[in-house]
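Chain IDs A, B, C, D, E and F follow the sequence of writing; residue 1 opens each chain.
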Amino acid sequence: MSADRYERVMLAAVDGPTGLAVVEGLAKSFPDFARYIVEFPFGDIYARKGLGLRERELATVAALCALGHALPQLRVHAHAALHVGCSPSEVVEVVMQMAVYAGFPAALNGLAVVREVFAESGIALPVGSD
Amino acid sequence: MSADRYERVMLAAVDGPTGLAVVEGLAKSFPDFARYIVEFPFGDIYARKGLGLRERELATVAALCALGHALPQLRVHAHAALHVGCSPSEVVEVVMQMAVYAGFPAALNGLAVVREVFAESGIALPVGSD
Amino acid sequence: MSADRYERVMLAAVDGPTGLAVVEGLAKSFPDFARYIVEFPFGDIYARKGLGLRERELATVAALCALGHALPQLRVHAHAALHVGCSPSEVVEVVMQMAVYAGFPAALNGLAVVREVFAESGIALPVGSD
Amino acid sequence: MSADRYERVMLAAVDGPTGLAVVEGLAKSFPDFARYIVEFPFGDIYARKGLGLRERELATVAALCALGHALPQLRVHAHAALHVGCSPSEVVEVVMQMAVYAGFPAALNGLAVVREVFAESGIALPVGSD
Amino acid sequence: MSADRYERVMLAAVDGPTGLAVVEGLAKSFPDFARYIVEFPFGDIYARKGLGLRERELATVAALCALGHALPQLRVHAHAALHVGCSPSEVVEVVMQMAVYAGFPAALNGLAVVREVFAESGIALPVGSD
Amino acid sequence: MSADRYERVMLAAVDGPTGLAVVEGLAKSFPDFARYIVEFPFGDIYARKGLGLRERELATVAALCALGHALPQLRVHAHAALHVGCSPSEVVEVVMQMAVYAGFPAALNGLAVVREVFAESGIALPVGSD
C-alpha cells in the first residue's frame, strides 16, 4: 500500500465518512491542499504513538470549540470522536467544560453543533451524565 | 466537610499545588472571584461524571494552547495533567497536535510552556514518543 | 422563593424574553448546562453590587462584539441591553467603538446583528446619534 | 473633487463594486460608520505610499482568513484582490498558507469563501498552481 | 485651537497621563500612526454623543480583557476608566464579568493587570464590592 | 542533497538566521516537531509556485500581527521579510494596516515588535513612508 493510500485509510479509520467527504469535496477545487490535510494531520500527527485516538479526538473537540470560528470542523470531529469510540457523554462533557476556558458563548455554539451531530447519529439528548 | 472545603480539596486533588497557589494568591485581592473559580470549574464541571479527570485535563491543555492568550493557565494545567496521571508524552502530543487546529505559533508557544513545566518537574526532554 | 427560582426571575428581569427562550431551549437537551448558565452568570455575577445592570449589559455587548465568534449571544444581549434601559444610541455606539479595539470586521458583523435586533424591536435606523 | 469624493473613488478603485455595495448598504442604517470605514482605511491607510495595492490586498486576505470571524469581509477582499490585479493563484496561495499560522480550520473556511468568489467571477478551480 | 490640538487635549482628558505617554512614545518611531490613534479613536469615536465617557471606558475595558492579547492596552484603559470617574469596583466588576463571556483565563489575566494599575494608583484591594 | 537538507536550506534562505535558530533550539527538546515545522511550512507551502517569497512573508507578517498571540513568531517573520527583500516601509505598512482589520491593540503590539527587530537590524525609525 502506498504511503498516500495508507494515510487516506487512516483518515477514514479516524474521522469516518464525514471527514472523508470533506477531503473528497476539497480535492476537486484544491487538490494539493486536500493532500496536505491528509498528510500532515493524519500522516504525521494522528499516526504518532504516545496518545490514544480517543484522547486525540477529545482534545480536538476541545480546541475546535474553544477557537470559536471552527464550527464546521467541530461538526466533523464530533462525528469522529464518536467514530473512534468516545461515548456521547464524553463529547458533551468536553464541550460543556469549554465554558470555563473559552466562555459560555463558545460552549453554547459548540453544544448546538453537538445537538445536530447527535441527531444525525440517532443519539438521544439529554445523555445520561447531564 | 462543608461544600466549600470539599471543592478546595477537589481543586488540590486535580490541579495539585500549582493550582492551589493560584487560588490562594487570588483570594487576597479578589476573594469572591477566588471562590467562583473553585465553585464553577471544580464544584460544577470537574466533579461531573461522564468524563475522566485525565481526559478533562488533556482537553483543557488543548483548549488553553489553542486559545493563544492563556499561557499562564496552560502552565497550571500542564502541571495538573501530570498530577492526575497523564504521561509526559500525552501532554507533549496534545500540544503538538494543536499546530493542526490553531497553527504553528500557538503550538510553539505551548511547547515553550511545556518545556518550563517539565524542567520544574524533573522530566527530561525529548520524551520517548518524540 | 427558592434560590433557583430567584435566579430565573433575575434572568428574565435582565435578559428579557429572548434570554429566557435560549435557556428553555437549552434545558431540553442539556439540562445541567442550562442550570449553570443561570447560576454562574446570573446568580453569581449579574446579581453583584458594584456595577449597574445597564453598564453590565453594555460591557457584555462590547465583549461579545469584540470576540467575533459570539454573534448569537450578541443578539440576545443587544435585546437585553434595551430591556434594562439602554438607549438604542448607546447600543450602536458601543458596537461602533469596537472597530477601534477589535477591527472593522468585528464591528461590521456586530452592526448587522444590531440592525436585526432593532428591526425586531421596532426601532428605526439611523438613530439620532449617528 | 472633495476629500470625501476622493476617498469614495479610491474605495471603488481598490475594492471594486463589492466593497462599494457594502458601504452603500451600511450608509442607510449607520451613516457615520459608513463614513469612517471610507475615511480611516481608505483615506488614511490604503492611500499611503510604501506598499503596493496588490500587497495591501494580499495582506488583508491573510489577516481576514487568520482571524476566523471575518468571512464576510474576506469575501469582499478576495474580490478586491482580484480587482487590483492579484492572480487567482496568489489569492489561493495566501489562504492556503494560513493553515500554517492559524490552523487548518481557518484555511478551510477561507478556501470555501474563495471558491464562492471565484464562481462569482468565472474563475475555474483548480487554478494552475494547485 | 487646531483640530489636532483639540484631539490631543481630548485624549489627555479621557485617558489621562498614561494614554498620553503611549502616544508620545509612539510618535518618535511611527509618527503617522500616532496621529491616527488620536484622530480615529478620539477625534471620531470618543468625541461622539450618544454614550457617556464612563460607559465608553467600561466597554473598552470589557473588550480589551475579552480579546486576551491586549493586556498593555487594558492597562492604559483601566487607568483611563478611573480617570474619567469609574469607581474601582466598577472596573473590577467588568473584568470579573468577562469570565462568563471569554472564559476564566482572560478574566484572570485581566485581574492581574487591574491589580498592577490599582497598586500604581494607590487603590487598596479587595475593593468594597468583592 | 536529501529532501530534508533541501528544506533546511530553504528555511535558511527564507527566514534567515533567526528562523534557523528557532528550529535548532526546538530540535533539542521536540525533535519531531522541529522536523514538521520545516517539512510542512517550508517543504510544502513556501516552496510552492504561484506566490512570491516577498508576498508570502508580508502575508505572514499580517496574519501573525492580526492573531495577537503570535508576537514571538512575528519577530522571526519581520526579520524574514527583510531577509527576502521586503523594504522596512513595507513591513511597517503591513503592521499599521492591521489596525483596520484586527484593531489598534494588535497593531500597536505588532509595531513594538517591529521596533525591536529594526533596532537589531540597524534600521532607523521613522522610515521614509511614515
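What we mean here is this: contacts are C-beta pairs under 8 Å (C-beta built on N, C-alpha and C of every residue); 3 or more make two chains touch, one makes a residue touch a chain.
Values in this document were obtained by computation on a predicted structure and should not be read as measured data.
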Problem - Centroid-based (C-alpha) most distant chain relative to chain D - result: B
Practice task
For copies chain A and chain D, work out whether under half or over half of the interface numbers are shared, and give different or same accordingly.
Solution key: different
Exercise for the section: Please report how far chain B has to rotate so that its Cα atoms sit on those of chain E, a copy of the same sequence, as a value between 0 and 180° in steps of 5. Expected result: 120
Problem - Geometric centre distance via CA averages, chain F-chain C, whole Å - result: 39
Exercise for the section: Starting from the mean Cα coordinates of chain D and chain F, work out the distance between those two points in Å. Expected result: 22
Exercise for the section: Using mean C-alpha positions as chain centres, tell me how far chain B is from chain C in Å, no decimals. Expected result: 30
Practice task
Would you please write down the residue numbers of chain B that are in contact with two or more other chains?
Solution key: 32, 36, 40-41, 48, 64, 66-70, 73, 92, 96, 98-106, 130
Practice task
Indicate which of the five shapes (line, ring, star, complete, other) describes how the chains touch one another.
Solution key: complete
Problem - Complex contact set, residues of chain A against chain B - result: 40-41, 45-46, 48-51, 55-56, 58-67, 70, 73, 87, 89-90, 92-94, 96-102, 127-130
Completion exercise
Residue positions on chain B within touch of chain F in the complex are 67-69, 92, 96, 99, 103-109, 111, 115, 125-126, 130
Exercise for the section: Could you pull out which chain C residues touch chain F in their complex? Expected result: 66, 98-106
Completion exercise
chain A residues touching chain D in their complex are 22, 26, 28-33, 36-37, 41, 64, 67-70, 72-73
Exercise for the section: Using the touch definition up top, name the residues of chain A that touch chain F in the complex. Expected result: 32, 36, 39-40, 44, 48
